[in-house]
Amino acid sequence: MSWSLQEVSKHNNSKSCWVIINKRVYDVTDFLQEHPGGSRIILKYAGRDATSAYEPIHPSDALDKNLSPSQHLGPLDDTAVESLERAGALTKKTQDELRVEEAMKKRPPLNRILSLADMEDVAKQVLSYRAWAYYSSAADDEISLQENARAFQRFFFKARVMRPVSHCDSSTRILGFETTLPIFVCGSALAKLGHPLGEINITKGCAPPKIIQMVSSNASLSYAEIAAASTPSQTLFFQLYKHKDDAIALKRIREIEQLGYKAIFLTVDAVVPSNRERDVRSPWVLDDQETGIKVYNEGEGAADTTDAVLGVAGALIVNDDRDMTWEKTIPWLRSVTKLPIVIKGIQCVQDAILAAEAKVDGILLSNHGGRQLEYSLPPLEVLYRLRTQQPQIFDKMEVYLDGGVRRGTDVVKALCLGAKAVGLGRPFLYAQSAYGEVGVRKIISILEREIVTTMRLMGVSNIGELTPDMVERVDWQPVARIAKL
Amino acid sequence: MSWSLQEVSKHNNSKSCWVIINKRVYDVTDFLQEHPGGSRIILKYAGRDATSAYEPIHPSDALDKNLSPSQHLGPLDDTAVESLERAGALTKKTQDELRVEEAMKKRPPLNRILSLADMEDVAKQVLSYRAWAYYSSAADDEISLQENARAFQRFFFKARVMRPVSHCDSSTRILGFETTLPIFVCGSALAKLGHPLGEINITKGCAPPKIIQMVSSNASLSYAEIAAASTPSQTLFFQLYKHKDDAIALKRIREIEQLGYKAIFLTVDAVVPSNRERDVRSPWVLDDQETGIKVYNEGEGAADTTDAVLGVAGALIVNDDRDMTWEKTIPWLRSVTKLPIVIKGIQCVQDAILAAEAKVDGILLSNHGGRQLEYSLPPLEVLYRLRTQQPQIFDKMEVYLDGGVRRGTDVVKALCLGAKAVGLGRPFLYAQSAYGEVGVRKIISILEREIVTTMRLMGVSNIGELTPDMVERVDWQPVARIAKL
Amino acid sequence: MSWSLQEVSKHNNSKSCWVIINKRVYDVTDFLQEHPGGSRIILKYAGRDATSAYEPIHPSDALDKNLSPSQHLGPLDDTAVESLERAGALTKKTQDELRVEEAMKKRPPLNRILSLADMEDVAKQVLSYRAWAYYSSAADDEISLQENARAFQRFFFKARVMRPVSHCDSSTRILGFETTLPIFVCGSALAKLGHPLGEINITKGCAPPKIIQMVSSNASLSYAEIAAASTPSQTLFFQLYKHKDDAIALKRIREIEQLGYKAIFLTVDAVVPSNRERDVRSPWVLDDQETGIKVYNEGEGAADTTDAVLGVAGALIVNDDRDMTWEKTIPWLRSVTKLPIVIKGIQCVQDAILAAEAKVDGILLSNHGGRQLEYSLPPLEVLYRLRTQQPQIFDKMEVYLDGGVRRGTDVVKALCLGAKAVGLGRPFLYAQSAYGEVGVRKIISILEREIVTTMRLMGVSNIGELTPDMVERVDWQPVARIAKL
Amino acid sequence: MSWSLQEVSKHNNSKSCWVIINKRVYDVTDFLQEHPGGSRIILKYAGRDATSAYEPIHPSDALDKNLSPSQHLGPLDDTAVESLERAGALTKKTQDELRVEEAMKKRPPLNRILSLADMEDVAKQVLSYRAWAYYSSAADDEISLQENARAFQRFFFKARVMRPVSHCDSSTRILGFETTLPIFVCGSALAKLGHPLGEINITKGCAPPKIIQMVSSNASLSYAEIAAASTPSQTLFFQLYKHKDDAIALKRIREIEQLGYKAIFLTVDAVVPSNRERDVRSPWVLDDQETGIKVYNEGEGAADTTDAVLGVAGALIVNDDRDMTWEKTIPWLRSVTKLPIVIKGIQCVQDAILAAEAKVDGILLSNHGGRQLEYSLPPLEVLYRLRTQQPQIFDKMEVYLDGGVRRGTDVVKALCLGAKAVGLGRPFLYAQSAYGEVGVRKIISILEREIVTTMRLMGVSNIGELTPDMVERVDWQPVARIAKL
């Protein structure tokens, strides 16, 4: 059986709500109340084609996971498909879409990309405003976002000379898994916003250089699709956002275990939505760009004193567990899985101690890239305090950090202070958005060169020789990096 | 009996000075010497209509309080009223008035206001230059104004994770009075400059969310009008500027006691006028805008070496008590009232100790929003010194602060260091100026979201769990907030 | 006897060099080698009228002091005078002169000047470029110039409240001489560059408010003219640049003693010329402005590897004593005069100790307004070190400072740290340049208001109550002052 | 025998590769694999005239040293020479060449150059973009480049007064060799990029003022040519880049010994190429300038994920010894030469200790002008740590520094902290590029004036009187130098 547009259009309200996604029709009436992003956004497309809004932020198995078979109503009829396609072809492109098209033409050849900053510059040009706003935004005034990066600039090297460096080995192990460089891809949501192939660009780009990818619970591709894109020798980790319902959480864990993911990074710094203004503002920016309206209707929203700021990021975590504890959550997790457990989002020395006492396998010092708690201490500063106040911690479990890492020197500084490896998030999103899989390979290649050169110029020929006495936290304010020379 | 314009116009000098206010005629000849703002400004309107100059800065009961019944000469006659109205309609609007009218049309809908900075941006657009200059100005080079806010940026959070936060209670008590949030409205003068309804916008906006309002002695509405606008369950505090004549001061105290005000905040940091150049300059800015004159008459003011800078702010306090002491003033105040007494304007640790010894109920660490003594230490820095040098003080009385608070993180930082609550002044003036009562409700709603989100992301579920070890004063200079992203 | 232009014009070389100054003819042939500024600048005017170059930088008695009676050849004849006047009237004004004329018309009325920064803004507009360059310039990159002022911004007040301040007395004594404010005018050369009446503007402006003026050895008016302009109750100090020839130095001391100067400030921080690039560059700036030439002649100056940077400032001190010592110079000075002796230009704690041991009456902490040794510690920082490292020094002699003082708060900070008074130099030059005598009175009036207001807001009613515990040197970098709000 | 263009053009590939340089023909087929800069750049000119690319970066003896006699094929024939000259005359100049020609016309006369910053400004105008990029570039984000200079700005003087300074002697000795100033020319490659006479400009400019020049292994003139240009009394040092093959290294040492070079500065901070993005980017900047192409061919370079960033600087050191050690390299060097040995590129206190233990004659604290390891501590900060942590080191060997020295005050600060002398690199390249030999003399003259003036204003009459207690490292962030006033 197939459906006409006319038939679908009758189900355009909360009593009966049908939507078209990729030429198939779905009855989402019962799902309206369960949708993490709220019913409002669905109802905007009730009785209509919702593909363009749905596609970039949902994995392919979301419909199967959330709707029962009976709610899959079947395909559109041929006339309907034809009609949609004709309409699509006639649809006027938005100013932002036109801007992106032009920017793609002016994209420099990949061999001109010399640094991660270069890559970010290209991404900023070719990303849709919506994607840019989502990727780049951070909490409140984006202070922590900037401070994460600035922290690295306060650490200088005390380089050693007259040491043999013709051979230099940058490989190491993370939770026992091999990696050619002391870096890994940090989990982040919604890669499809930036590129139609999404997270798979990263998976494929990481395969040849053997870099480990952590996949987010909120990936825009299914965990299975990503696993399928990986090579047999490739290692994938899983970033777990724990559902408040243990049973649902367990189902997710079982799925990724069976898919061959090798470790669980339990996210603990994002239990409630934060305030990301750039992201919240992005639809208004786009609306104003299209309409050019500067004078608002008298009273339009004027009386709206409610404050329901959520955005995409907030919707993704609305059902997560807000009451995790050391006493309850870690033992439960240990009881249900044999995978190594790392706590992602440790923000102070005290919690690092508690994590060691809870005998987890590792901690990832992180403030969620500055996207959650504004004015959370920069992870590198937490690492420094851990090194100076509790150095024995580094013997008890592995310590990683993420946030603000953009140069090989950043990576080496963190390793000198005791980090086993460092994670990067946004740089991989930007690289895959700008050039797809080869973009990902490109930035890994840049990081490799930068890390190895830094090691050699410090008189170091393998990771183990990087020690705390090779860095000094200076007491002045160094000049800031400028994005491009 | 009623008056013609012609009759009034004869009384146009210091020997006999009549003015028209709201269509009524007053003989202010004897009052000229008593006027806190000086006789000059009144004589400018001698024999004429003074309503536009008088209205925005005087409460409605000012004429009753300052003039005897015989000086209330009665209404204008009908011809005079008609004539004034005709003249008013014909009066060409100033460039600044036209600018404000246009800005009001472009005001964004309230649901687009995401932060107090957004609200301030709108206010800056829609306020008259005079009001903006009065509200925003501060002493000398406005260093303390900026440093008050910058102080918060030096404190970072050491957030805790793995703690239950699904329930989070932001309510507390101030002097025993309930509040849903650890904030209150700080007293400030002349709300009518920004909006015709003035302080009542704040009173009404604070009612539903149960936020306490402190009303200034120099409010532009009468204490009675404000009290009348409040709900029975609402708490009002009173900011006392003590008159140098104890009897007059006592009269004021009796009035607000009878109106139901619940506490007295005695202002001690503004005993003499300060130097607010932006405020003093504002009439010149407006004059130059109208006349466009750039070449001044030879010698115009050239020989004027006197230095009588005062402005509105100075006029308001010209009769205040400049010789208050701990030994004399506090015992007197205790002897005349049972209301709790808080000292507003403590600027160093030593005086906090003296206040505790004087057994007041609380102190408000404040440098008057940077409007009085330039280079006075930022209140947050004083709080930090109090916490590190005299922690026992917090057990003896309640400690508050104001100055530079613009984000939920600011509020939470102060509470971690021991503040019972924090006051905000300018943000409420800006909110009521931009959108009236709903503007006030809007910023309370924003602050609530920000405070609760910050608490949760710090692993805290009630105010009592905020402790000094959750903040760290960092030794580098963090990036500055930019007003808008 | 009188001279024709033709006759004078014959003496146009180093063998016989005559010049015309103020319509009189002088034979300066023998003086060429003695001229501190070198012979070159004189020879440029050999056989011609030199008045415009000579006048603004030489006191009226310079010709008498430097030339013998026989070298005073007498007046021009009437035809010559007429001819010169005609030529003067026809002389095309330079672009810079035209700019100044326009700027003078736009000068704001004096009552709009609210701060010393306002005054400096006007001065910058109305001064000739040459005068501005000479007054404002400092050594090398002008770092010390800026650091002198920035030092004040690191000191914050710990203000006291609840103290009687209705009466507030800002008067004090300097070397026993009364002053209404704890400030004095610091010696500086060449006031006539900025205003035809020169130093006398300052003398007259200081008379009514009883402010002490220090007169420079290099004043552009004679010491006698300045003394004559003062009132009987007015105090003048003398800034001594000691000639390398003791006999010549003594002659100068005898002269000012007889004129009634009350103290000697011996300059020790300017024994050799420094590098003031803005000043050195100023003739080129003006030349290029006139000629508009951008392409220089091939080789023009291209082979000039000599490095004879001196400028006006250097010329003034070329014969000064470069070998002064504590052992030799102070005893000699004591032996020749009974006047109090103050050492001007102490730049470190060690030399303050030596000065105390040499039993001088006072020291002026100064780095010559940043005009001599670049990177000399700011005087306020030296004062702070003196206070914290050698507090007993303040009991042994009076300590002053100059450099960077622009606000009443600056003055009060220095006094809290132990300074008896502070000197200001450039502000007085700017004030007299912009408005003459009334400009000088105006800034004194501004400083009085600012000092008294600051004292009152600190809870202080006389100078003696200002103590070190009322200021705190903060450990962060405060925001910089902006010249104008 | 002579060659026609046609004959040469047949050898245009890697199987048979001939090039024309200065009208002579060379067979470089066998040399392709040995060329440090790679074969690609040679093959670009295979069968063609390569003079313009070859000339500015190779010394005149490079062809003799690298090719066997049989590979020197002989001259072009007359027709070929004529043809090349005609083609050369017709060649359209690039935009950058035209820009440089114009800039040379606007070069200011040399007597207007007041500081090294002035000289750099001129150089920036008149240098080809390629030369500017090579000279000015530094590693990564050029942070160390800037921090090297900023370090000096944190040190202030505690100047002494009342000391005899009429006589002031700035001369000293370096490794026993006389110099009139405590400075020397630091080795740097490729002076011919900036001026056709190259390093000889520096040699000749240094002769009259007796300043010592260190010549780089990678000079663009032969060591013999430079030695020949020096005067008998002039001292030359040699900067050794040690070849990985000891025999080749030894040959180089023997050559410079025989030419009379007086000391060896062994470079240890540049064993592998670093990342100089400005340099790598320069050909693209020039290409884009010429072609104006903004839209790149689809896929152009898009698949290039390799990362072979090297540039000229990298090519120069590709065969250097990456495995030098204290145990092996210093004894070997001592065994083959009697010349004094200085280690150039010490970057921390620990290595300074090792150098002293290795009994070398001196160390040059340097991070290669910020061109190698990004975030290497500024040399002045290393010197300060050496002074405060290991002061006895200064008695064991001579200590120098380079990096960021631009003013006489910089030199004096380093000397106060214990440096025997300081090196300058870029300033000499800029000076010779802008004005040739006289440019070099000019900046020496400027430095002499600045050093002597600084010494005198500090109360110092010879180098030996400069002591650590005359400088203070301040705890605030001073204002930055601006290049020009």
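Some notes on this structure:
When the chains are written out, they are named A, B, C and D in that same order, and each has its own residue count from 1.
Just so we're on the same page, a contact is a pair of C-beta atoms (placed from the backbone, for glycine too) under 8 Å apart; a residue touches a chain by one contact, two chains touch by 3 or more.
Everything quoted here is computed from the prediction, not taken from an experiment.
Under half of the residue numbers found at the subunit C and subunit D interface occur in both copies, marking it as a different-residue contact. Copies subunit B and subunit C of the same sequence differ by a rotation of 90 degrees once their CA atoms are superposed, given in steps of 5. With centres defined as mean CA coordinates, subunit D is found 45 Å away from subunit C.
Separation between the centroids of subunit B and subunit D, computed from CA atoms only, is 63 Å. Each of the following residues of subunit A touches two or more other chains: 475, 477. Taken together, the touching pairs link the chains into one ring where each has two partners.
In this structure, the chains touch in the following pairs: A-B, A-D, B-C, C-D. Partner subunit C is touched in their complex by these residues of subunit B: 140-143, 146-147, 150, 154, 268-269, 271-275, 277-278, 280-281, 284, 294-296, 300-307, 309, 322-326, 329, 343, 345-351, 354, 367, 372-377, 381, 475, 477. On the side of subunit B, the complex with subunit A involves touching residues 105-112, 114-115, 117, 153, 155-166, 407, 409, 413, 435, 438, 441-442, 445-446, 448-450, 453-454, 456-458, 469, 472, 474-479, 481-482, 485.
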